Structure formats: structure tokens, C-alpha cells
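All chains are identified by letter, namely A, B, C and D, in their written order; residue positions are counted from 1 within each chain.
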Amino acid sequence: MMLSMVKALNDGMRHALEADKRVLLIGEDIGRLGGVFRTTDGLQKDFGEDRVVDSPLGEAGIVGSAIGLAMRGYRPVCEIQFDGFVYPAVNQIITQLAKIRHRSSGAVHLPVVIRIPFGGGIGSIEHHSESPETYFAHTAGLKVVTCATPQDAYSMIRQAIASDDPTIFLEPKRRYWAKGDVTEAQDPPLDKARVVRPGNDITFIAYGPTVDTALQAADAAEAAGHSAEVIDLRSLSPLDTETVVSSVQRTGRALVVHEASLSHGVGAELAARVQHDAFYFLEAPVLRVTGYDTPYPPSKLEHDWLPNIERILSATKRSFSY
Amino acid sequence: MAELQTPEGNEPLHQLLTPDGSTAQDELLSLDLATVDPCALYRDLVLTRRLDSEAIALQRQGELGLWPSLLGQEAAQVGAAHVLLEQDMVFPTYREHGVAHCRGVDPISLLGLFRGTTLGGWDPYDRNFNLYTLVIGAQTLHAVGYAMGVLRDDAMGSGDVNRDTAVLAFLGDGALSEGETNEAFVWAAAQQLPVVFFCQNNQWAISAPYRTQSRIPAARRASGFGFSGIRVDGNDVFACLAATREALNKARSGGGPTLIEALTYRVNAHTTADDATRYRSAAETEDWTNRDPLARLHAYLSAEGLGDTDFFADVDARSDALAERLRAGCRALPEPDPTLPFEHTYADMPDDLRQQLREHHAFVASMERSEAPQ
Amino acid sequence: MAELQTPEGNEPLHQLLTPDGSTAQDELLSLDLATVDPCALYRDLVLTRRLDSEAIALQRQGELGLWPSLLGQEAAQVGAAHVLLEQDMVFPTYREHGVAHCRGVDPISLLGLFRGTTLGGWDPYDRNFNLYTLVIGAQTLHAVGYAMGVLRDDAMGSGDVNRDTAVLAFLGDGALSEGETNEAFVWAAAQQLPVVFFCQNNQWAISAPYRTQSRIPAARRASGFGFSGIRVDGNDVFACLAATREALNKARSGGGPTLIEALTYRVNAHTTADDATRYRSAAETEDWTNRDPLARLHAYLSAEGLGDTDFFADVDARSDALAERLRAGCRALPEPDPTLPFEHTYADMPDDLRQQLREHHAFVASMERSEAPQ
Amino acid sequence: MMLSMVKALNDGMRHALEADKRVLLIGEDIGRLGGVFRTTDGLQKDFGEDRVVDSPLGEAGIVGSAIGLAMRGYRPVCEIQFDGFVYPAVNQIITQLAKIRHRSSGAVHLPVVIRIPFGGGIGSIEHHSESPETYFAHTAGLKVVTCATPQDAYSMIRQAIASDDPTIFLEPKRRYWAKGDVTEAQDPPLDKARVVRPGNDITFIAYGPTVDTALQAADAAEAAGHSAEVIDLRSLSPLDTETVVSSVQRTGRALVVHEASLSHGVGAELAARVQHDAFYFLEAPVLRVTGYDTPYPPSKLEHDWLPNIERILSATKRSFSY
């Protein structure tokens, strides 16, 4: 069935709400409105105001109350309206949500999912186009995942809700409306990366919004005579090092693509692991095509600021110049 | 006027101008009409509304990506703005277009943020009007800190009208639920800071009705922190002006903070991207549209014979001129230079960022070459 | 009793047991003494104090790294804890040793956190007593969420005493200034949640006197959010018990939240690492030490002939036994296994973390080898 | 003059308060008490309650009000009492403090310093031993620096206060009491790293609390016949790549040491840069000796959990096994 990512997420959450009455959604404007992106459209009507909760305006409250609900046996799925508005919740996420299992030596587990539409490219205003994944991926105790296709959206959101670990679920908002086939096919585990395009000469590593960009760049590179393998990471914490490294050990070249700023971004951790685990296999250093070390720019500048096909191709050229 | 019903009953709603345009007595608020220029107020109400409707039109035409309309909230904003002194500092949210206008900020510069050419658009110090803050509640703490500076500069309670300074922070009803807003209340109250919190309770936070946030009137929040709150008719420009003037004077003289709840209504959707029909009834909106703050003052002016046909004609002319300026000015807003983010991230650009800028320049140039007509 | 003077005047301080140990009438609080066991209360006050003083001694001996003493706050904690039902859930800060004791948490398990053998020490579900939370204010939102669950479980307002559940969240006076605490008030009030906020206003947040946080009594904070607050004599175990019982019953029956301000005093320094002489006078502390909550109940028991010498002797014996248990139990606390952090970070250990654990094991083993006597 | 780091910081702040009346200190317990570490001891007495401000208990308030004070022309120096308590301020730091210069196209600059005692090894309880540097180093618009000696503490705190950019100033609390010589000697720029021990065979890269550990390990390595160069990064954002890379280009081996968790830590960014800029010079992959990907453990476990001399030495051995 061809579905948009928004509809696939909606179906996935509906599925979870039906399957387990302890599942509950909470966030700003997710009920009557169905969310500013309509991801939860119709769910309050069908599951009631107690299970699809229009919260007061406070992100600390959303995550803090989700922790308490989880302690009471619920499985809350929080929605943060935009990437740039997750920060009021960061104290609850980093000092509580991520650490309570450890603090309690396993006595308390918190099956809390925090959905965050993230990334740029939609011509929006400040705080609506950011990529905060590193803050969470660096925080032990959190799982951090992101989907690149409606199929993954549909399966991964259910896996995240089923997980007993707190999970940051990043949704690439500029891919919300693109349609893709969604089936009930067996899904890979939540923490495994996937080779979405086989290739032999170089490995493009992407996640979320940049997977599609990387795939297009790979096709263009093919024309230039370079066979690029594209990996969709899917999980940023934990990282599926094995899938990445075994690919690079074959291709000898790696290029990471993400929207977040370059420095201390996910690309850094990937480069560190690849140069370590594939040291004798690298023909060129691991390259990174990312957002720059500036705040996200005004939208008129975002196309050039974001990693795009052209920048991936010129980086590819650089890789082969070694 | 039918008030916003909160489960725990209601705060008195202070009013000086009734919906039919006649003046009213209030046990708390008083306004010496000799000290206000109703015509100037009316003019600014009209221009504010025109600015707003023109921006909406520009958004429809694709010239703006988004616009948060203030329709229905003109009186609250213009009333509050009219009693600001030059040295006062204003910390707006993203909806205070009317305050910006009265403060003398070029309305064209309000458009850049929503056109995507800038994240700001004006120099906050030019008119002592801060940039719009999009993170709900965050600006209330900036106002508190600025007020702490005012206090340390002895620019409070000196009795010198050109020196004593107040800070006016705007916030919405939804913002009352953010922790940071409440921290701002804690700090302002404990230190008796010269700050006035002006809450436009437009009864909606996107799709969340006020009851999602609270069961009592917003003005009462202040009592929990030890300062005074007052609820005024936000569609009554006189009441908003009088309450704000009193609060600002109190602040300037060292009397500490005040929370003003201007009870009004967000007549349009949250922004041009929002669809209000999904969460509220047309009847409710209709009902509030009938409490138009402009019509109210128009009636007053006519009744008092203050506004003759020439006056209203002049206002309309200015309004059309403004619209014209906005239409032309919006399209003329300069495209941002790709260098901009790199230049303004730090006072002086670090070496590695400079390196990134070089690569970016090279890339942008190559794009321009490849996009150049063959 | 001399009250905490706040600039904006004072809230009535509700009291049922006067400092000299005689009962008092109160216009708001009532307590049917047939429903309380003053001897049990006294016993718990004594044991709580002994637990505290013993822990301080253990810290002095180097057995604990740190200890936050509750000296002076015994009545507030024991009074509140005595009216909890089994199904109620408690969210403490880091100072509620008396509540833990009354809740049936093994006092030895309170020591691990401060000895450095664990970050927790007990299973929160065993006695419905959450782990200590060190981040000021954070636990108030957990209490709110738990109460949202209670509401959804129809475990409120059913009239079934074994089913209806309340949540009791503790906080300090300083915690009232954190944004998260105030968000908890917003949520609890808007949703009428079955949660009671019990604020021990011990008048100090480390070195910050209460006036740093607020100019009005803490109990009044609730009024700004639309629920009721009450200020009780925190050194009066009857008043604390009566106010908490009423608030918990109100919560269980669906009446919504209450804020209780128990006005008391932190007689010792903030923790054993703090030096209170740097910021407050010995006279102030002296003054409050004379309002000892234990002496007060002791006087009452003696006057009422409820506690004979055998009783007091028995209490002393139990107290000595507890001290003995703590001394032995503290030293017997098991050293944590190096594997612990790796095992409990996730439900199932990710591959790369498992790899890190392997390396860590190898390293620790090699250390043990190299440290082994040659 | 031999001073502890605490005293050096105290002198540095006193110096700044004397030199510029717009400088102001704000934080919890910094006045009457002089700070829980006594770093501000005596300053309120000498400069008054308006310039050394005992704040209410709220980190968002501390940083948020500092932003407003800076807009009014002040140069606030905030103290966050412990690393683990900075998170309530993260929304103000990331969405406001770091972005306002960019938002205003340079019209508004915010000379705000946020002092944070950080790192472990002092036998403390949860939230008192953490290393949050990555969160800030990944945030464009912030400078992030840390001192390893009383001399640097004395000079860097004054440089940070003099800087017109918001600066996160991390203080290695377990080095607070060690004494070192403090002079008025010319200091290197705030954003430059420093070679604190010359060597030829391998480069140890450390900062803050681990510099001393790295130096001791270097001495031990010497005994084993390996000449280790030790670099004190000092600035984590921006990173002084040049100093690091030119060293590694000589030694051919690099080892990063920090207390923060491994994944997505500062070591990742260094590895990514070194493998890129010194690709042809590396004899072995860049190695990392860091805290593990778990929350900070109970203090009885911290010695083995933290990077220590033994772990650095065994990693050194591994490096030479390539």
C-alpha cells in the first residue's frame, strides 16, 4: 500500500494503541488538531482524550509526566512539536529518563518514546529545521533512531513503542509527505542499519532526511563511473558499526552525510569507528558532508547550507583523488 | 461582555470603553482622557490591522512563508505600546506587530523573518524593541535580566522621567505553562524588578483552549508569586493603555512587577499554516469578531465628534499607503548573502569555520557557474 | 512561635500542638486524637532522628561520603508519612529519611547512595517509595505523571479505600523556584490530579535564605495556579499529620491537588560537606533548636500520661538497636560489581557496549593481577 | 606564586571585577557562602550583592537573566553549581545564548561566561561528576574551553570574561586543590591548544582533568621506551586542529583521553579530523581512552570507570602493535 510517512506513522501508532491499552500519546496539539503535521490525525477521536492527550504547553511537563506514567505502568509516546523545542525537556531527558534504569539497577524501566520531527529543507523559520540527534546519541541510556521511508516509519515506531528502553524517535519532516510502499513484511531489528543501495567503490552513510539525497547522489555518481553503496543507519544509538565497517572494508572509501553541524556530529563518531575498525582498508580518509558549524540559516539560504547532491558528488570526487 | 468562563469562577474584568463605544467607570482603573490621543490610537489600530491583513495577503501570494496574525488583538498591543517611553525596553513574542509598529520599527523589517531572508530583521537597540522570540517563554527571562541591569544602573526610582526605565515583556496564555515563564515571575517578584508582564490571553495556544493550561484567570498567577495581577478587557484600548501605564509607572518608580492579563481573542488561525476549523467553532469566532476593538473606538470617536470624515479618510489613506509600502518593500527585501551565517556565529570567525566558509563559497560559485545559461 | 517573616506579611500558621506540648484548637485543621497513635508517632520521631545522627557519625568515620541531615524536620516527615496508605506513591527529594523509615524502607538501604555503592538502593515499588531524586524539582513532574496514571486507572474517587490512590511529592523551599516544579503545579491544577505537594520550608536552600526565592509564604504559591495551599507548623507532628491526611483524602476522592507548606528549620548544615556558619547566625539556629519537635510530643505524652518510663525506655532501646544495625549494616553494604553500569544502562546490552564491557573486564582483571601480593 | 586552581580562579574573577564594573557574577550560593567550592570566596564581601549575586534556585533563570543583563551592557559570569545541574539551563543556552548573535546578524553580542565545575573522581553522588562538554561543543555559537592548571585557570577565566562570545568555561573540579605556579606571564590565545610535554612516538590529546593523567602516563610510557607528546587542548570549540595534526604528523600515532562517554564524545571529532588531515601519516588508528557508554557509576566504581594511567598505557601498547 502506498502511504506517506505521516500516514505510516499514524497507522503505526494506531496499531500500537489498539494492541496495548497501556500505550498513550501525549503532546501539544496532537488531539483535536491531530498534530501540526497531522501525524496523530483522528487518533483522539478513536481512542479518547485520556489516551491521546492534549498537554499544557510545556516540554519538561510532557517528558517528566511521561516518566511518571511509565512508572505507573504506561507506555507513553511523547510528541515534541519541532526539533528546536525539545530543549526545555532536556533536563528530564538527560538527568532522569536516560538514567533512571541505571539509578535503580534495573528495578525501574521506562518505555517512553519521544517523537521529534527534525531536520530542515521545508522553508520554515528558526527552531523548525534543526538536527539535535547528537545531544541524545551522546547520552547513555537513550536509544536514538530515525526512519527514512514510510515502511521504516510504520515498523520502527511500533518497535520503539515496544522497546523497554527510552527511545528518541526522529522523524525527517521534509520526507513526511513522500509516498512509499508499506507492507507487513518482517522488519529488521530497531538497532540495525540497512544497505539500501549496493555498490563497490565508496560507501555513503546517511540517515533520516539525507538517505534520499545520498541515493540520488549515488545514481549521479554511477554516471561518473563510481559505484556507491548507500547505508541507511536507522539507529544512531546504538550504532550498527558492523554493517558500516564491513561495507567500507569492501569499498575502501566512506562518506557520511547529515544535516547537523559538522563538528561533534554523528559523522565524527562514524569516522572515528571506521578509521579504527577499517584502518588497513581505507583508500582515503572518511569524509563528511554535513551542515556547517553555524546555527541553521534563514530558509532562503538552506538549500546551499544543507548537504545536497552536488556537495556529495564533489566530496566523492575528493575521495577518489586520494 | 461575555467573559472567558474558567471553572474556578472569574476575576473582575476591568473596562473603560464598553463594546458600544461609550466610556465606563471602573473601580480600579482610571484614565484622564486629556492625557490620551484617541485619534492617534485609532490610527495605530487601523494601521496595525492593515499591516496584518497585508502580510496575510503577501503570504497567500507566496511572498511570505508564514504569518502569525494578530487580528482581534490590536487594542491590547496598541494600548500597551502607547504608554512606553523611549528608554523602556520591550521583549515581544512573535505576534506583537502592533507594538513594533507603534515603537517605530519599520513594518517592512517585520516581514524578513517570515520571508526567510533573515532570522531577525531589525536592530533591537534602535527602538528598544527586541527581536521576536519564537521559543515560548524564553523572552520573559531576558526581560528579567534586562530589568536587573536597569536596577543596577540606578535607572529606577530616581524620579527622573527621562531616566527611570521599565521593561515590558509580552507573552501568551500558553506561555504561562512554561517553566521558564514561571521562573521569570520568581525572579521578578523576589527582586522587585521593574518589569511588566503583558499577557495577551487570546484564549488559544494553537489548538489548546485556555482551560488546557489553567482553571483560573491568568491574572491570578501573579498572586502565587507575590505581585499584583490585573485582568483587563483586551479589546478595550483605553483599559489596556491605562493598566499598562499604571504598571509601567509602578515599575519605573521601584514598585516592582505587575502581570497584566488582556483578555482578547485570536480571531484568525494560529498562523497562516494553521487550520482553526479543526478545533474550534465558527460560532465562537463569530461571537468574538463582533467585539471588534476598532469598531469600539470608531464608535467612541464618532459619538464624541473627535473623528470627522476627513480624519477617517486620512487614516484610510495612510493605511493604503502602508499597504503599498509593504507590498513593494516585501518584494524588495534583499536576499541574504550565503556568508551571513558564517559571519555572525562568532565575534571573530574561528579558523576552521573560515575554512568551511571557503569551501562553501567555492561550492556556491560552482553552482552559479553550472546554473548560468549555456 | 515566631514565624518566618516574609516582607509581604504572613499566612496563618496552623497548629494543633503548641511548643509546650499542649493541644490547640485551629479554625481550619481538626484532628480526632482517637484516630492517631501518639506513641507510634513519638517512636518514629526518635528513630528518625537516631537514623540521622547515626548516619552523620558514619560520615564522620569516613563510612559515608556525604549525608544530608534532616535534624529539626522529623515532625514534618513523620506526620506526613503516617497518613499514607499502602497504595499511595511517594516521590521524595534526598532528605526524606524519616518518610523512608515510616514507609518501611530498610534504613540501611538509604546509606548506599551516600557510601557510593549505588545510585539508588531500594526498589521503589517495594514500598511505593521512589528513589531519592537529586535534581531539584524533577520529581514533582514524575509525581504528576504517576497521578495521571492513577486517574486513568480509575484509582481515584471510586470510594474504595483500598483502591483510591494519592501521590505525595516532597520538595524544599528552594525547589519552588525551579521551572519544573511550577510546571508540575500547572499540570496538577489543570487536570485536577490526585497529588499532594509537601513542601518542607526549612528556610534555607543551602546558603540561600527563603527571601532569596520569594517575598511571600510558600503556601500561597498554589493560589496562583488555582489550587489550595496551607501553611502548617512543621515542628508540630499533629498539624502535619492532619493537614496531610486531609489533603491526601481530598486527592483520593478526586478533589485535586494541595500544596502543604510545613514551616520548619534545617538545624544542621545543608549536608555534612556544608559549613552553615558562613551564612547564618548561631543564634538563629539556637532559636530554632529550642522548638524541637520531639520535645514537644514528649511533653504531650508525659502530660497526657501516655508515655510512661517503660515506654520511653523501650523507645530508647529500639533506637539503640537501630543504631547498632546501621553501624553494622553500613559496613556490610556490598561493593558494587564493575559490571553494574554496563548491565543496567539498557534493557539488553547493545553489542558495542558489550564490547566495552569485555575490555573493562579484561582491564579490571589485569589490575587485580598486578595488585595481587607478589 | 603557588596557588590552587580555586584560588587562581578567584583571583582571575577578582581581577575582572576590578577592571570592568560591567562584570558581574551570578549563581547559586556564590555570595555569602563563596560557592560550594569557595571559588568566589570573599568576592561578594568586596564587590557587593549587586555584583556578586546570590540567585534564586533556577538555572534557566541564571542563564536567561544573564542574557538580559548582557543586552543591557553587562558581562555576566554565571556559575552552575555542578555539571549535572546545567540541563535546566540548556534551553536558554542552546536556543538563545548561542543563537542571538546570529539571529540579530551581529547587532546583539552576548559576553556571557558560564562556569561549570565538571568531571569525576571526587567520590561524589550522582550528577556531581559528569562531563557535558560535547553538548556545548556541538552547539555553534558557543565557545567551550577548559583549564588544566592554576595558571591557565587564572588567565583563561579573564580571557573568557573579555571575550564577546558566550563561553562555556569548564573547571576540572578534581584538580581544584592542586597547587601550581601562577604568574602574569603572557598567555596563549583562549582558542589555542598547547603542547605540555614534547615527544616523538605518540601524541596524547587530553583536556581538563585528564591532562594530568596523560602526563603521568607519558612518564610511565617513557620508561617502556615510548616518547609521548602530550597536548592540552584547552579549547574544545573551536578546536585547535593545527596543533594536534602537526603533532600527529610527526608522531604518527594519536590517543585521545577524556572522561565523557566514548560515543559522540570530543574524541570522535578529534579522530575524524586527525584521520582526515594526517591520513598519510598515521601508523595506527586514532585510539580513544574515555568514560564508557554508561551513565556515571557510583563512586566506588569511578576509579576503574574513568580513564586512568593503566588504561592509557595499554592503549599505547595497542597503538604500537599496528
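As a convention for this text, a contact is a pair of C-beta atoms (placed from the backbone, for glycine too) under 8 Å apart; a residue touches a chain by one contact, two chains touch by 3 or more.
Values in this document were obtained by computation on a predicted structure and should not be read as measured data.
Across the assembly, the mean Cα position most removed from that of chain C is the one of B.
Each chain gets a centre from the mean of its Cα atoms; for chain A and chain D, those two points are 30 Å apart.
If you average the Cα atoms of chain A and of chain B, the two centres end up 36 Å apart. Centre to centre, using the average C-alpha position, chain B and chain D are separated by 40 Å. Residues of chain D in contact with two or more other chains: 55-56, 58, 60-61, 84, 87-88, 91, 95, 99, 102-103, 126-127, 140-141, 239, 263, 292-295. Across the assembly, chain C contributes residues 118-119, 135, 177-180, 183, 186, 190, 212-213, 340-341, 345, 352-353 that each touch 2 or more other chains. Taken as a graph of touching chains, this assembly is fully connected, with contact between every pair of chains. Remark: chain D residues 28-29, 31-34, 36, 54-58, 60-61, 84-85, 87-88, 123-127, 262-263, 292-295, 297-301, 304-305, 310-311, 314 touch chain C in the complex. Those residues of chain A lying in contact with chain C across their complex are 24, 50, 55-56, 58, 60-61, 63-74, 76, 88, 91-92, 95-96, 99-109, 140-141, 143, 163-165, 191, 238-239, 241-242. Residues of chain B that touch chain D in their complex: 89, 118-120, 123-125, 130-131, 133, 135, 138, 140-153, 179-180, 183-184, 186-187, 190, 340-341, 343-347, 350-353.
Residues 65-66, 112-119, 134-136, 174-175, 177-180, 205-208, 212-213, 273-275, 278-279, 335-336, 338, 340-342, 345, 352-353, 356-357, 360, 363-364, 366-367 of chain B touch chain A in their complex. The residues of chain A lying in touch with chain D in their complex are 84, 87-88, 90-91, 94-95, 98-99, 102-103, 126-127, 134-135, 137-138, 140-141, 237, 239, 260-261, 263-269, 271-272, 275-276, 279, 282, 284-288, 292-295, 322.
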